[in-house]
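Presented below are the structures under discussion, each in the form of structure tokens.
Both complexes below contain chain A, partnered by chain B and then by chain C.
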Partner chain A sequence: MRRHAVLWSMILLAAVMLVPFVIVALNAVKTPAEYSTGGPLDLPSGISLEGIIAFWERVDFGEKLWNSVVISGSVAVLAVVVSVFNAYALGIGRVRGRLWILVVFLIANTLPQEALVYPLYFLANEVGLYDTKLAVIIIFTVIQAAFGTYLLTSTLGGFPRELLEAARIDGANKWQTLVRIVVPISRPTLGVLFVFFFIWTWNEFFLPLVLLISNENQTVPVALGVLQGQRMMDATMTSASALLGVIPAIVFFLIFQRALTRGITAGAVK
Partner chain B sequence: MSKRLLVAAVAALMAVAGCGGSEGASDPNTLKLWHYEGPDSAMGVAWAEAIKQFEATHPGVKVQFEEKGFEQIQKTASMVLNSKDAPDILEYNKGNATAGLLSKQGLLTDMSEEVAKRGWDRKLGPGIDTTAKYDERGVMGSGKWYGIPNYAEYVMVYYNKTMFDQQGLTAPKTFDELTAAMDKFAKAGVTPLALGGAEYPAAQLFYQLALTKADRAWVDKFQRYTGDVNFHDNTWVFGAETFAKWLREGYISKDSAGVKAEDMGLAFMQGKHPIMISGSWWYGRVQAQVKDFEWASVPWPGMTSGSSGNLWVVPKGSKNKQLAYDFIEITMSPAIQDKLRDAGGIAVAPSGTPVTDPKTKQLNDDFKAISDADKLAFYPDWPAPGFYDAQVSSVQKLITGQRGPHEVLTELADYYKENTASVGK
Partner chain C sequence: MSLVPTSIRDRGSYLLFLIPGGLLLLAVILVPFGMNIGISFTEWSGAGTPEWIGLDNYTRLMGDGTFWASFRHNVGLVVAMAVLPTLAGLVIAAALFDFIGKHFGARHAAVLRACVYLPQVLPIAVAGIVWSWILAPQDGALNEVLRAVGLDSLAQNWLGDPDLALWTVMGVLLWIQVGYPVVIFMAGMQRVDPSLHEAAELDGASWWGRFFHVTVPQIRPEIFVVLLTCTIAALKVFAPIYVLTRGGPGGSTNVPSYYSFQNFFEKTQVGYGAAIATVLTVLILVLTTVFLRVQNRGER
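Up next is the complex of A and B:
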């Protein structure tokens, strides 16, 4: 009985979570005239892919997808690498003042991007990286790695000392310990970080909006902004674009969701 | 060790991503052009044609056009124009807080000489040219030319002719006729006015009601700081009290406080309310999407919110200014202006050729009458930065009954005084 109650409330919760997706999908396949006469909740009379196709061509969506993949992928890889190095030093190497270093990282994490944007713009412009993907990759690597360092340090802080000692007795130097012992054992956690970094970076809007001004460099969320006019919005095309925008993130999530569950369950080391 | 690996990784990624500096920054044979109008809008259609004509008349020169989002231009313009990646010409929002601010920061090119040489000033009527000129404080209406508008916009009364006919009503041409019509609908149990209180429409209506009693001097004081503004003068009080009366009489629904502009438009287009008082930016959409009833529009009785459309501006760092001026010249030519008009826009300098579509003709004729009578009063949120949010929230409270009409005026007066102190005077 109790089990059923839990199950049903879970199903209800899932349904509530899915409602926005359903509405977006519903409006994405409507014609603008249908939307104007029936409103957002009416069922479409047929499936019209016009909005989706028109949006794809208007913003050259394939190019935007590629840009987003390059940026999010690079950031995810680089941020994980940087986080591992930092956390190895802080969590296992026990650098002096590591608590304060972590606090600084954490504070950096809580800074709103609006406060960072002008300095970042200025720096990027000075070194000639304004309007390049590299600028965004570097910035988000730093931002994501700050969080990653914080998280990984606490994980590695509890890393079994016996394993490290065994490795040292076997003659492993610090580099070998990291690559052969620490990284393989923390792989599930690193997988989770990788997935999160990818999705977080994918969904970033504000900094890419400011730093990637050429259309050829833009990411998916920025491209979606093209449809928001000064006073007008095209509801059906906006829905179509929103649908196109979330599909890649969902697909990525589904592919890597095993890494996520493994990372959450893998707490201890055998 | 780790450092070397990182450098190698970054280098490898850079190679993969192919992201060095942006290439081809200055090329005398490329006109880099940005705007943010949709491809199906009147401006989008007309400007696509203008680009074609430009390339035909400038052999060897390519237009590198990029469609931008309104928000992106709005948020990043000052940064973009300060960098070497600035376009040669772009569409930019008109008004003190936007084009005026950029001109004050020295990011835009003073076009006065070109304007005189090419006669653009003669093509743009008074009221339209107000938003093209800015003084050294960045205040519109006088000083140097920093932009050229191609089109115009104004607020009018849209009405559902089918519903009006059912009630035996005619076009609401005067303020009394409008009130009488709304009264008849309200008595018949229909809320006559579609309104969005959560965004610009309600704040515009509030201003619009005051404008029925306003003249040019009153507007100039409020918009261009030419004198002291008294928010409790007869004009403002009439506007605020009429708004409150319309609420009391049920012309406006109390529920409209939370309605967005988009939903206001939808409610009108679905025939839920017979009247909508809003801008010409709805015109093309209403025309294309309303099929179930007859509709028409009449100009607002009195001065009306409205102005030139957005401007073509030439950044200070533009590398091809002559080409940019040539492009503006083409957009002001009768052929492109007619194209803009025939696509459903309001042309600022059309040729004399007749319009085929009767609705488009009326839209443009009404505008000409407004412009000739010098009745354009700009928008209520222009005078002070952040005024938009303050107005929306005040008028919203008026709709829900949390504030009386005079309290709203006091709120607006306080905000205005506080936030215009730094602007000239």
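Up next is the complex of A and C:
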């Protein structure tokens, strides 16, 4: 009896969490006429892609997707590389003052972006990188790598010393040891970091909003947020836009769920 | 063969690996952060030369009602994004792990967990769009549901009523946030030695008894991490406010991060915006230090 009460309350909770997604999906495939007569709750009579196509063309959604992929993909790769270099020096090399260096990285990770935004905006203007994807890529590489350095340093701190010693005896220099021994063995952790960096960068809003002012450079969240702010879309187009924003997130979620769950655990228990 | 000189030489060349990351950190975070503090002592519109005014921006902050109100709203967001998700997350995670997982199988628990976690992977801007449309006063889905079940009087202008908007935003943030503690706490519960639960059960402890005396104390490290990261996230909230309310109506949902953004880019009072951002940063750093201290003491 009580078992089922708990089960049903959990199912109810899950349903409540999913309702917004369902409502969005339902209305994204309605025609505007259907929406105005039946409201948001009626089941659609068929699948109409009108709203989705109208929205796609209006914002050139393919371009926004591509921008997001380029920015998130570059940041994920570069931030993993930078994190590995930093953590190699701090976790394995144990350079002097590593504790304080780590604290600086940790602080960099907790700083609110509001405290960086105006100088970054100003400096990007000065060096001619304002409103370019490159500026956003560089900035987020550093922000994500600050976290990656912190996490990887503790992982590499426990790296088996015998392997490093064996590589040294075989005549490998530091670079070769890093590329041939440390990176291949740490690949699972690096994979999790890559996934995290990709999704986090994909979801970023504040700095891209400020730095990517022209349409052709905007990422998916920025383009959607700006359009929403202008309040110029009808209801079906709004839900179409929300659906198109949700789909990539759900795709990542399904592809990466294993890595995500593993990674969250790794991050939680330092 | 002396080992000491080798290890010293080793340290030198390891330092080379820190150079690219160090330079990037300097250029993108440390220097801009220093500049922000510098700007906060000036009056500057973003063009021309900043004029040094010392602590004037900070004294002005002290008497600025909007600033204080924005921090009060932020307390509400900390409740919605850190306190409530942690409490709810503990109960949900324990129910899923301890109850559903044991009586109905780990697979069911994993599916339910995935449903609760799903909002976490959404870009917050997109979550904001979804909700501002569901909450629309005229033809929004929530009001339609209320009317459909005959509760017309409960239909509200959820985001447009100054007395209600902050509560609505809090509800949306709770929906976004709750999956994060659930996932972390469930991972932590796997770590707990089952014999502790068995012993408590033999002593006749009820489910709630075991929850309070075994589960919660055992996953204390996770609770600390969640409270800290969620509190910081709540202090930094920007995107949901930008998309849902733009700080309105009448400033009733303004928060420090949005208020500094307004000063930077709408009112072009860059110095004042920088002062707000600096205060926010100090608050976050102090909170982080306090949390880490308490956590360290707890671990000893």
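Everything that follows uses one rule, which is that the second predicted complex is superposed on the first by the 209 of 270 C-alpha atoms of A that agree within 3 Å, B and C clash if a C-alpha of one lies under 4 Å from a C-alpha of the other, contacts with A are read in each partner's own complex, and residues count from 1 in each chain.
Note that in this section a residue touches a chain if its C-beta (ideal position, glycine included) is under 8 Å from a C-beta of that chain, and two chains touch if they have at least 3 such contacts.
What you see is a predicted model; the values in this text were computed from it and never measured.
Touch criterion met: A:23 reaches chain C, while chain B stays clear of it.
The partner that reaches more residues of chain A, of the two candidates chain B and chain C, is C. When the two complexes are overlaid on their common chain A, residue A:170 makes contact with neither chain B nor chain C. Of the two partner chains, chain C is the only one that A:119 touches; chain B does not reach it. In the superposed model, A:234 makes contact with chain B only, not with chain C.
Residue contacts after overlaying the shared chain place A:70 against chain B, while chain C stays out of touching range.
Contacts of A:210 after superposition: both chain B and chain C are touched. In the superposition on chain A, contact of A:137 is made with chain B only, not with chain C.
When both complexes are overlaid on chain A, the residue A:32 reaches chain B alone and has no touch with chain C.
By the document's definition of touching, both partners, chain B and chain C, reach A:82.
Within chain A, the residues touched by chain B in the first complex and by chain C in the second are 35, 39, 82, 85, 118, 121, 209-210, 222, 225, 228-229, 235. Within the complex formed with chain A, the chain C residues making contact are 10-11, 13-18, 20-22, 24-25, 27-33, 35-36, 39, 46, 92, 95-96, 99-100, 103-104, 108, 111-112, 114-116, 118-119, 121-126, 128-134, 136, 139-141, 144-145, 148, 175, 178-179, 183-184, 187-188, 191, 221-222, 225-226, 232, 235-236, 238-239, 242-243, 246, 256-257, 260-261, 264-265, 270, 273-274, 276-278, 280-281, 284-285, 288. On the side of chain A, the complex with chain C involves touching residues 3, 6-7, 9-11, 13-15, 17-18, 20-21, 23-24, 27, 35, 39-41, 82-83, 85-86, 88-90, 92-96, 101, 104-105, 107-108, 110-123, 138-139, 141-143, 145-146, 149, 174, 178, 199, 202-203, 205-206, 209-210, 220-222, 224-225, 228-229, 235, 238-239, 241-242, 245-246, 249-250, 252-253, 257, 261, 264-265, 268-269. Chain B makes touch with chain A in their complex at residues 1-2, 5-6, 9-10, 13-14, 16-17, 19-22, 36-39, 66-72, 75-76, 79-80, 82-83, 85, 93, 200, 261-262, 266, 269-270, 279, 281, 285, 288-292, 310.
Residues 32-33, 35-39, 58-59, 70-71, 74, 77-78, 81-82, 85, 118, 121, 125, 128-134, 137, 175, 209-210, 213-215, 217, 222, 225-235 of chain A are the ones touching chain B in the complex.
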